[in-house]
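Please find the structures below.
You will see two complexes here that share subunit A, one where it goes with subunit B and one where it goes with subunit C.
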Partner chain A sequence: MKRHTSINILFYLYGLLTLAFLYLPVVAVGFASISKSRYLRFPIRKYATGWYGKALTSDTVMDLLSTSVTIAVIVTVVSLVIGFFGALAFARYQWRFRKLYQKLILLPIFFPQTVLGLALLMWFNTLGITPTWKTAIIAHLVWITPIVTLIIAIRAYGFDPSLEDAARDMGCSNWQIMKEVTIPLLMPAVTSAGLFAFLLSWGNFPLSLFTTGADSTLPEWLYAKMVSGYSPLVPTLGVLSVAASAAVIATAFFIRAMIPAVKQARRNYQQAH
Partner chain B sequence: MNAREQRLGICSSLPLSALLLLTFIAPLLAIAAFSIMPAKVFTLAHIPDFSAYAEFVREGYWKSLAWSLGMAAVATGLLLVICWPLAYAMVRIFKRFTLIITLLVVMTLFVSENIRLFGWVITLMKGGLFEGYMHSWTGIGFDGLLYNVPVIIFGLVYIYLPFMLFPLTQGISMIPDDARYAAADMGANRWQIFKEVELPLAAPGIVVGSLLTFVLAAGAVAESKLLGGQAVIVISDDVESAFTYGQNWPLGSALAMVLIMVISVLIVVTLMKVDLDKVMGKVK
Partner chain C sequence: MSETSILHIAGLRKKYGDFIALKDIDLDVGEGEFLAIVGPSGSGKTTLIKLLVGMEEQTEGSIWLRGHRLDFVPANKRPTCMVFQSLALFPHRSVGQNVEFPLKIKGVSPAARKKKALELLEMFRLPADYYHKSIGQCSGGEKQRIALARALAFDPEILFFDEPLSALDYRLRKTLEKELKNLHLRTGKTFIYITHSLEEAMVMSDRIAILNSGKFEQIGPAEEIYNRPKSRFVASFMGDVNLFDITMDQNSGQVSIPNFSIADDVAGSMAIDPLAVNTLMVRPESIRLLENTETADFVTKGKILGKYMLGSRIQYEIEQDDRNVLIVETANYSRGGTPGATVRLGFSWPQSHLILEAAS
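Take a look at the complex of A and B:
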């Protein structure tokens, strides 16, 4: 038994090491963002937060942020609506072309995003559409909607079809079944899929790179700066981008934790009246 | 398979199928059509001459393809070895820690990959986190660790780790404990259990994870650009320059088509063998 525990400790260490490996570059970016000097060199001699002030008052940065947020919000809403029904077709209903359909959904996920972005650029040009941030929404949807569909589908697999049948036997219309049974049951997966959709769109750059035309998203701008040379704003905006994702995740967890309390409060209120 | 489910299935799959037909399948067909056009045209109203494919062979673009596929293969192999013990521990050994690892690994996916790669650039460069501190502590410095082939593979391993880890955990959780105990009771040693019981039973996870990492790594471009400098040119890089600087859409399309064909063959061959209901439905 003793040998067993020491091996387990090794596994735990390995897990921690992997996490350190995954987060080390993010930490390095964090340190770089508070370096005072214009040219980064470790060890950092002087720390300063001046670059954050510069970033937050710059018009370019505000434009980048608003483009990225707008795209992410629209992508989230549209992909959830399409993905919700897509997931029902994927996992819940037994229909003739289901297996083929399942494979079609997986293809965009298994596809190199740079090539997909270029293919879309060419397609938009062929159709005579000038790429702007609006076309980037389409590009994000091609990749994110299948992911949203899969996340909701996993939940839909564990769904007991007899619940819907029972509702139907009791005289519910299709719409009532959807509203009273299907949507509430799939809601947890819908919220996490929405979180994924927003954050993946927020952080995506290979798809945006070719499909935004003259507009630019935050990751795209960062990439352009990285390739063309160092700018002290790169680590600063990198940290801001990560912080924004973290804030979204924290908010989501907070809201989820609050749901039981809110329900309880509502119940108390109803009982009191 | 009753009529109502048939109708509901088709109706609810329609929006997604339409989206993918218009914005995924159609662009791919456009690429295929452009790839057989003569050089430097921007419409499809020309007589096809397949010259772009001749250029692929003549101008040595196949070398970029070989680099992409080779580095992707090495990265996939490394990831299998790196992720197996962790995936195994996440399913069998860790308790609450599994949830923590899962959350923290998923969270890295939400950080733009170029920000994370940039983090490695400033960690590994001369005067970066590693060399800078080593120099100031020991007085011995070294040239940066960037701009070579191994560091590109390192970048691929780093970026695509989650895409191997999660399918592997899913695969390993499909191994019933009874199968391992039975093998152990019959006198199999640790290695035999691994080879004869665990590997075959976890195969769907291994296949999906390897396919995903290989395909994504083969089409990756940021790793070689940011970490590798100009050490090697990968195929996606060639596609990109043909479309942008070269203004030669047929060439770019032909290069993309070659990559797409390699990938499609792999995907079609493997996905035909994997039953998705089984892999996804059985979450534990």
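Take a look at the complex of A and C:
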């Protein structure tokens, strides 16, 4: 027994070290954001929280946030719509070019993002389109839609095709099959894929760098300021960005945890009436 | 088309490219009948049921329900319902919601459909609190009953079954076979049941249709299919069987079977067709091991190769002189032999059956 306990302690230590390795950089950025010094240096001599105030009132920061959020929201919605039907084509239906489609859709994921970004920029130039945050949406979609498609496709593979046949047999129209069977069954994958889409777009740097033109997203701005003109505003925004991602995930988890409670409440209501 | 026929199929044919899955299927199913369609895999039974429920479209022919063309009606508008092989219960809905589903689609009010669902659960001896249970928490047998309850909630004109029992273990299958038969008696609905298991078909159905390579070989009650098969295929598909080629001497007209001695009066009365392939069929349970002086209409001898205990019966494999192996079954209390022993065997003419098939 004693031996088991010591092995357990080792496992816990290993776990803690892994977590420390993964999260210390974030903590370091957190510390840097509350340093009074203009330069990144440890240990921190004087602390200050003023940069948070500045971050939240700065017009530049608001512009950056609104650009990043707008791109991420549009990318999430569009990639979910394309990815949902793309996943059905990927996993559920037999059609002539299915095998080819399954391979081609993976290509953008395997491309290094910088190469993809550069390629897209050249493509936009050729077409005579001036890069702005709108072209960045296209760039993000090229990379994120395949990921969303794959996440939903895995779920679509897992469900029995006869469920849809049975629904039709019991009188469902195509739209009712979608509403009563397909969408509810794929919903868990759709929420995960949506989270991924939002976070991948929110944090994306290489694609944005090439394709936003004169506009700037939060990761781009952070990079630019790191290279020249560093101030504690950089780690401050870094922390806020991570916090925003965390908030999105937490909200998703909260909503998912609430679903059974809401269902139970509805059931109680039905029983009471 | 008979007057009491609910389903009428005429000249149904289905081709996939060059492959003919069904050729010229004709069938009439009576009101309230339990019909089993039996065939080996690849015989076209799945294709046939897909045409009947509207999941596929036929190449030729027509399907009629009570005198109206059914094949023109899209799948979701047909007044029929199918219990799928996988059962196709919705995993994201509770037991009650599954049973209510067809009523929901028909626009029945929540209160009325819940009442109906509870009635059906009770009919299938499922406790009322199963209404809120999730499908994943139910056992295999319960899922079967839920699927049946859902199909009955639809209130179909004809209930189709696509081998729903095939995935279950033996004992549960036996129980559910009988439940299904009782359900048929209670509801009085028309059941059409697709299976590859003849045993299942014999226990449950009023009539059996044997499907082979896309066409019906024989349609009739279990007793007829088992005792008086029309072809060698049907005979051997219906369990163990002994088949003997009958030959006739061109000059003397003498009927003979290799290695058998045939009683004279029997040989004279066997109505064989010289232009057809003539086969004599005997079920294993109709062959007897003969005592020394005992005789029979057909007599042969052979060496016991194997002896197998089947429970209520004992099965022997007996090799004749020409290496043909007979299958013989006796009641397990009767006198037998041991492997290696040479025995005399015989059977009577009334217990055998003559199969005449056109020479191909």
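Here, the second predicted complex is superposed on the first by the 255 of 273 C-alpha atoms of A that agree within 3 Å, B and C clash if a C-alpha of one lies under 4 Å from a C-alpha of the other, contacts with A are read in each partner's own complex, and residues count from 1 in each chain.
By definition in this document, a residue touches a chain if its C-beta (ideal position, glycine included) is under 8 Å from a C-beta of that chain, and two chains touch if they have at least 3 such contacts.
Bear in mind that the values here come from a model prediction, so they are computed numbers and not experimental data.
Peer 1: For A:160, select first, second, both or neither according to whether it touches subunit B, subunit C, the two together, or no partner.
Peer 2: second
Peer 1: Please indicate which partner A:229 is in contact with in the superposed arrangement: first for subunit B, second for subunit C, both, or neither.
Peer 2: After superposition on chain A, A:229 lies in contact with neither partner.
Peer 1: Once the shared chain is lined up, is A:176 touching subunit B (first), subunit C (second), both, or neither of them?
Peer 2: second
Peer 1: Going by the contact rule stated at the top, is it subunit B or subunit C that touches a larger number of residues on subunit A?
Peer 2: When the residues of subunit A touched by each partner are counted, B comes out ahead.
Peer 1: Now for A:105: first (subunit B), second (subunit C), both, or neither, which partner does it touch?
Peer 2: In the superposition, A:105 contacts subunit B only.
Peer 1: Looking at the overlay, does A:184 come into contact with subunit B only (first), subunit C only (second), both, or neither?
Peer 2: Second partner only, subunit C.
Peer 1: Identify the partner contact of A:128: answer first if only subunit B is touched, second if only subunit C is, both if each is, neither if none is.
Peer 2: Neither partner.
Peer 1: Under the contact definition given at the top, report the residues of subunit A touching subunit B in one complex and subunit C in the other.
Peer 2: On subunit A, the subunit B and subunit C contacts do not overlap at all.
Peer 1: Which subunit A residues qualify as touching subunit B in the complex?
Peer 2: 8, 11-12, 14-15, 18-19, 21-29, 31-32, 40-43, 81-83, 85-86, 88-91, 93-99, 101-116, 118-123, 125-126, 138-139, 141-142, 145-146, 149-150, 153-154, 157-158, 199-200, 202-206, 210, 218-219, 222-223, 226-227, 234-235, 238, 241-242, 245-246, 249
Peer 1: Where on subunit A does subunit C make contact in their complex?
Peer 2: 159-160, 162-163, 165-173, 176, 180-181, 184-185, 267, 270
Peer 1: Flag every residue of subunit B that touches subunit A in the complex, lowest number first.
Peer 2: Residues in contact with subunit A: 1, 5-6, 8-17, 19-20, 23-24, 26-28, 30-31, 34, 42-44, 82, 85-86, 89-90, 93-94, 97, 101, 104-105, 107-123, 127-129, 131-133, 136, 158, 161, 211-212, 215-216, 218-222, 225-226, 236, 239-240, 243, 249, 252-253, 256, 259-260, 263, 267, 271, 276-277, 280-281, 283.
Peer 1: Could you list, by residue number, the parts of subunit C that touch subunit A in their complex?
Peer 2: Residue positions touching the partner: 53-55, 75-78, 80-82, 84-86, 88, 90-92, 101-102, 105-106, 110, 132, 150, 154.
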